[in-house]
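Paired with chain B in one complex and with chain C in the other, chain A is shared by the two complexes that follow.
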Partner chain A sequence: MVTAEGLVKHFPLSRRPFAEKRVVHAVDDVGFTVGAGETFGLVGESGCGKTTIGKLLLYLEPLTGGRLDVAGHSLSPLASGTERAFRRDVQAVFQDPYGALNPRHRVLDVVGEPLTVQHGVRGAALREQVQELLRIVGLPTRAVDQYPHEFSGGMRQRLAIARAISVRPKFMVLDEPVSALDVSIRAQVLNLLRDLQEELGLTYLFIAHDLAVVEFMSDRVGVMYLGRMVELADAAQLYRRPLHPYTRALLRAAQATDLPRGGRDTVAIEGEVPSPINPPSGCRFRTRCPFAQARCAAEVPALTEVEEGHRIACHFHAEIEAKLTA
Partner chain B sequence: MTATAAPMAVLEVENLSVRFRARRGDVPAVDGVSFRLAPGEILGVVGESGCGKSTLCSALTRLLPDNAVVTGSIRYRGEELLTKTASEMRALRGREITMVLQNPMTAMDPLFTVGSQFDEVLRYNSAMSAAERGARALEMLRLVHIPSPTERLASYPHQMSGGMKQRMLTAMATALKPGLLLADEPTTALDVTIQEQILRLLAEIRATLGTAIILVTHDLGIVRRLTDRVVIMYAGRAVETGETETIFTEPQHPYTRALLASIPRIGQTNRRLTAIDGQIPDLASLPPGCAFAPRCPQAMARCTEAYPSPFDTGPNRTARCWLHDPAQRGAPA
Partner chain C sequence: MSGASAFARAWTGRLREGMRGAPVLATGLVALFVLAAVFAPWIVPHDPAEQNFLASLAPPFWEAEGSISNLLGGDNLGRDILSRIIYGARLSLIISLFAIALAGTVGVLLGLIAGYVGGAIDSLIMRIVDAFLAMPFILMALGFVAALGPSVTNIIIVMGITNWARYARLVRGEVLSVKSRDYVALARVAGQPRWRIGIKHILPNVTNSIIVLATLDLGRVIILESSLSFLGLGVQPPDISWGLMLSDGRAYTTVAWWLTVMPGLAILLAVLSLNIFGDWLRDRLDPRQARD
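Coming up: the complex of A and B.
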């Protein structure tokens, strides 16, 4: 469904002529694939490039470099005249259900707009189809005449989901779809997304910072740090046996606040994420990595397969594992 | 209760209620909340948006807007706070009771150096000399692990990251060794690895300064990690209180139980989460009886008729739920 090879996205900092050319290295040399019907999870802290990846896959940002195919469309770049078909095949649900819905439009228009634009559905037929969509996402059909402000956050997110699935997309980007919702509402929305995936045969890119939520949703997971993919594996593999020191640190931070209290072979890290304008040479995690050596500054570690389906970008992962499990 | 044998509490809150007067009727934001905080203890106040946890915090510092009506009792080291004058409260705030808030980005003035803002806190709230204040600021920065503290004090807020600012604000809030620190969602705006650092810091502060901390959060994981006791809030009421470990291992209120079951955990293999149906109620139009009853899998007829006072369900434990009515205990549910 998705094939991404060597994706690069740089944002220029200044467009003034003669100014020193500086760029934000949002995404650097990231590759992955997503199979049909699969959920690929992306985790990492703010500024790691996970949302930029989502935008590249949605063709909301042009690529700086690399090759990208999504749902049968090449995005490097998208062929002219195929944008409408692409927008039908690929849909998105974002974090903020308050900003995503036009407050002046009724639910009928908010949810029905893609159907009108893509298939010219109007009038009684539109009303009927929107009501059917509301039923699918677990909202009362009378909602069709209400306005978005009459709904709570969780219900608005259901509206956004109804709109996204209205045109029967093949692939959906879910960028932090539950992080703005209250804890008791999150489970409802996550279950709904799982059910819809099964019923409609959807493929998801699931972006989140919460590791437990990503594990629940994903078949495979990619861990990003400062624009690079540092580890990629089956969800079960990654959580059972994290290999990259950064993944270990993330899991430690998550487990420390997870129930039950965890410990295991994780890593505590100090310091903060460096600036993506001038990222560290070699391995970008080396400035915070307790195991960093001279080679880490000199040489960018490649994402290499260490066991079946488990790829990691670290020069010394074997030594680190030996040290931690000793 | 063992009130006579227990050491003097830092804070005793009894039957605290806050109502906001509004045009379309009163809004009961906090309703009959009671708890007790020992010196050096960390209490978690947990709940979802609109449960009254932040209003509770504002009530403890008497920082509520004019349309708030507060009843009940808040005693800090035995002194009633609700009858204190505005100037008496000002003397307490910043010295005895301090705060760390959610958003470190807006908590400092961008036009002044961090050092001058730190100095202002100490100058306003203590009788220290300039030299003493400078020395205390440096000492506090070391305590919260801020590298090169002298240079840091000369810098401006925008030159620091979010995690660094939150450390700085924690240092300011604890520089005068307050008896009580109110931390309202202190890590919500921060990344997980930074969050982990701040949580470690709060535990250190408690250990080295003996400050009692009230940690307000929606994150149950953080609560389990850091707190000794917990107050679980729902729709303005403390539905369950008790020691952290027992709340997590043997939750008694159906809301606590449902909330714990609905959270995805690392390493769990379930294909579905146990969701709580329905929505969080609107405080302005609460149903009669228990506010959780419409979402509660164990709701009975009486739950929609009347709301119980908290029942004692064990040592230092309460649950506000008819299931724990001692008159019914033993009878089939």
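Coming up: the complex of A and C.
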């Protein structure tokens, strides 16, 4: 469904003449695939580039480099004249349920917009289809005439989901779809997303910073740090046996609060994420990695397969493993 | 000019605290002005151009020598001031509405393009805006009126040309904030063409600010029109405008205050009530605040 190779996205910082050209390295050399019907989870701290990946897959931002195919369309770049067809196949739900719905449009228009744009559905037919969609996501059909501000965050997120599935997409980008919701509402929305995936045969890119949520949703998980993919594995594998020191640190941080996992083999890190304008040479995690050595600054570690379906980008993962389990 | 409108704005704030019924009163006054303007020929007690020498400099009816015949008194030529104010409302409102419609259309369109398209087009439009905002209004108006000649159409054009820049700047700023909202990105994800996103998603979410600026501007433009007419650059006799009445009455201020105070009061009330009305309208138009 998705094939990404060597994705690069840089944002220029200053367009002024004579100014030094500086760029934000939002995404650097990221590759992954998402198979049809599966959920690929993307985790990492804020600013690690996971949302940018989502935007690249939605063709909201042009690629700086690399190859990207989504739902049978090449996005490097998208062939002219095929954008409408692409938009029919790929939809999205974003994090902020308050910003995702135009406050001046009624639910009928909010949920029905993709249907109107893509299939020219209007009037009574649109009303009927929107009501059906509302039923599917568990909202009362009378909501059709209301405005977004009349709904709670969880209900708005259901509206956003109804809108996204209206055109029967093949692939959906879910960018932190529950992180703005009350904990009590999260499970409902996540279950709705899983049910819809099963019924409609959807493929998801699930972006989140909450490890427990990603584990619940994902078949495979990619861990990002400062624009690079550092570890990629089946969800079960990753959570049972994280190999990259950054993933270990993430899991330990989560475990300190709610993930019930044991761990001598975890890592504690300190400090702040370096600036993506001027990222560290070699391995980008080296400035905070307790195991960093000279080679880490000199050489960018490649994402290599260390066991079946488990790839990590670390020069010394074997040594670290040995040291931690000793 | 701007002093008077700042004065009106300050009073707008105070009135809002003191009177909960202010919007009702203001809306009533706005309606009164509009009705007076529309039905002027049928409701005026006298022909506004009729010169009755018996009523020359006649005081308002509550003064010792006043009479019911000329409720607000007569001017130096014995013309009925009330009738002239009613006719003046007509021209003032027409000029202001058309001027704002012109300024607003041009400004909103250019602001929308500048904010939404961005890049070099944005820079170009905003430099022109800066140039217009930097020029003093009266100087610009003088130049244009001198070039075009004073007529009602030309006053409208001049006020449109001299006022669009504020709309462009306001709308551009609002567009910049609205276009980064998620629903704009999601409209693209839905496959909405960009120009339709501009019209369906961005424009409706900047209308609040446009309405507020337009209603505040209505008051301002009424004052600008009056200033132009006062200087002899605006409405020309035999047409009537409040500014022209002020100008005509100026020489008699010491002997007959009502020649200037009455049209002055008309300007004040119109501007004040339009400002309050604008506030109320903005609240009403926001679906998050409408309650029914």
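The working rule: the second predicted complex is superposed on the first by the 320 of 326 C-alpha atoms of A that agree within 3 Å, B and C clash if a C-alpha of one lies under 4 Å from a C-alpha of the other, contacts with A are read in each partner's own complex, and residues count from 1 in each chain.
What we mean here is this: a contact is a pair of C-beta atoms (placed from the backbone, for glycine too) under 8 Å apart; a residue touches a chain by one contact, two chains touch by 3 or more.
From a predicted model like this one, the values you see are computed outputs, not experimental measurements.
Engineer: Following the superposition defined at the top, how do chain B and chain C come out on chain A, clash or fit?
Structural biologist: Because the two structures are overlaid on the shared chain, the partners are seen to fit without clashing.
Engineer: For the overlaid complexes, name the partner, chain B or chain C, with more touching residues on chain A.
Structural biologist: B
Engineer: Report for A:T304: first if it touches chain B alone, second if chain C alone, otherwise both or neither.
Structural biologist: Once the two structures are laid over each other on A, A:T304 reaches no partner at all.
Engineer: Answer with first, second, both or neither: which of chain B and chain C does A:T3 touch in the superposed model?
Structural biologist: neither
Engineer: Touching A:T82 in the superposition: chain B (first), chain C (second), both, neither?
Structural biologist: So A:T82 meets neither chain B nor chain C here.
Engineer: Look at A:N278 in the shared chain and tell me whether it touches chain B only, chain C only, both, or neither; answer first, second, both or neither.
Structural biologist: Once the two structures are laid over each other on A, A:N278 reaches no partner at all.
Engineer: Check whether A:G99 is in contact with chain B, with chain C, with both or with neither, and answer first, second, both or neither.
Structural biologist: The answer is second: A:G99 touches chain C but not chain B.
Engineer: Taking the superposed arrangement, what is the smallest distance in Å from a C-alpha atom of chain B to one of chain C?
Structural biologist: Between chain B and chain C, the shortest C-alpha distance works out to 13 Å.
Engineer: Considering only the defined contacts, which chain B positions touch chain A in the complex?
Structural biologist: Counting only chain B, the residues touching chain A are 48-49, 161, 163-164, 191-197, 199, 218-222, 224-225, 248, 258-260, 262-268, 271-277, 279-280, 295.
Engineer: Which positions of chain A touch chain B when the two form their complex?
Structural biologist: 45-46, 152, 154-155, 182-188, 190-191, 194, 209, 211-213, 215-216, 239-240, 249-259, 261-262, 268-270, 272-273
Engineer: Which stretch or stretches of chain C touch chain A in the complex?
Structural biologist: Interface residues on chain C, with respect to chain A: 181-183, 185-192, 201, 204-205, 287-288.
Engineer: Under the stated contact criterion, what part of chain A meets chain C in this complex?
Structural biologist: Those in contact with chain C are residues 55, 58, 60, 83-84, 87-88, 90-92, 94-96, 99-104, 113-114, 117-118, 147, 149, 160, 163, 167.
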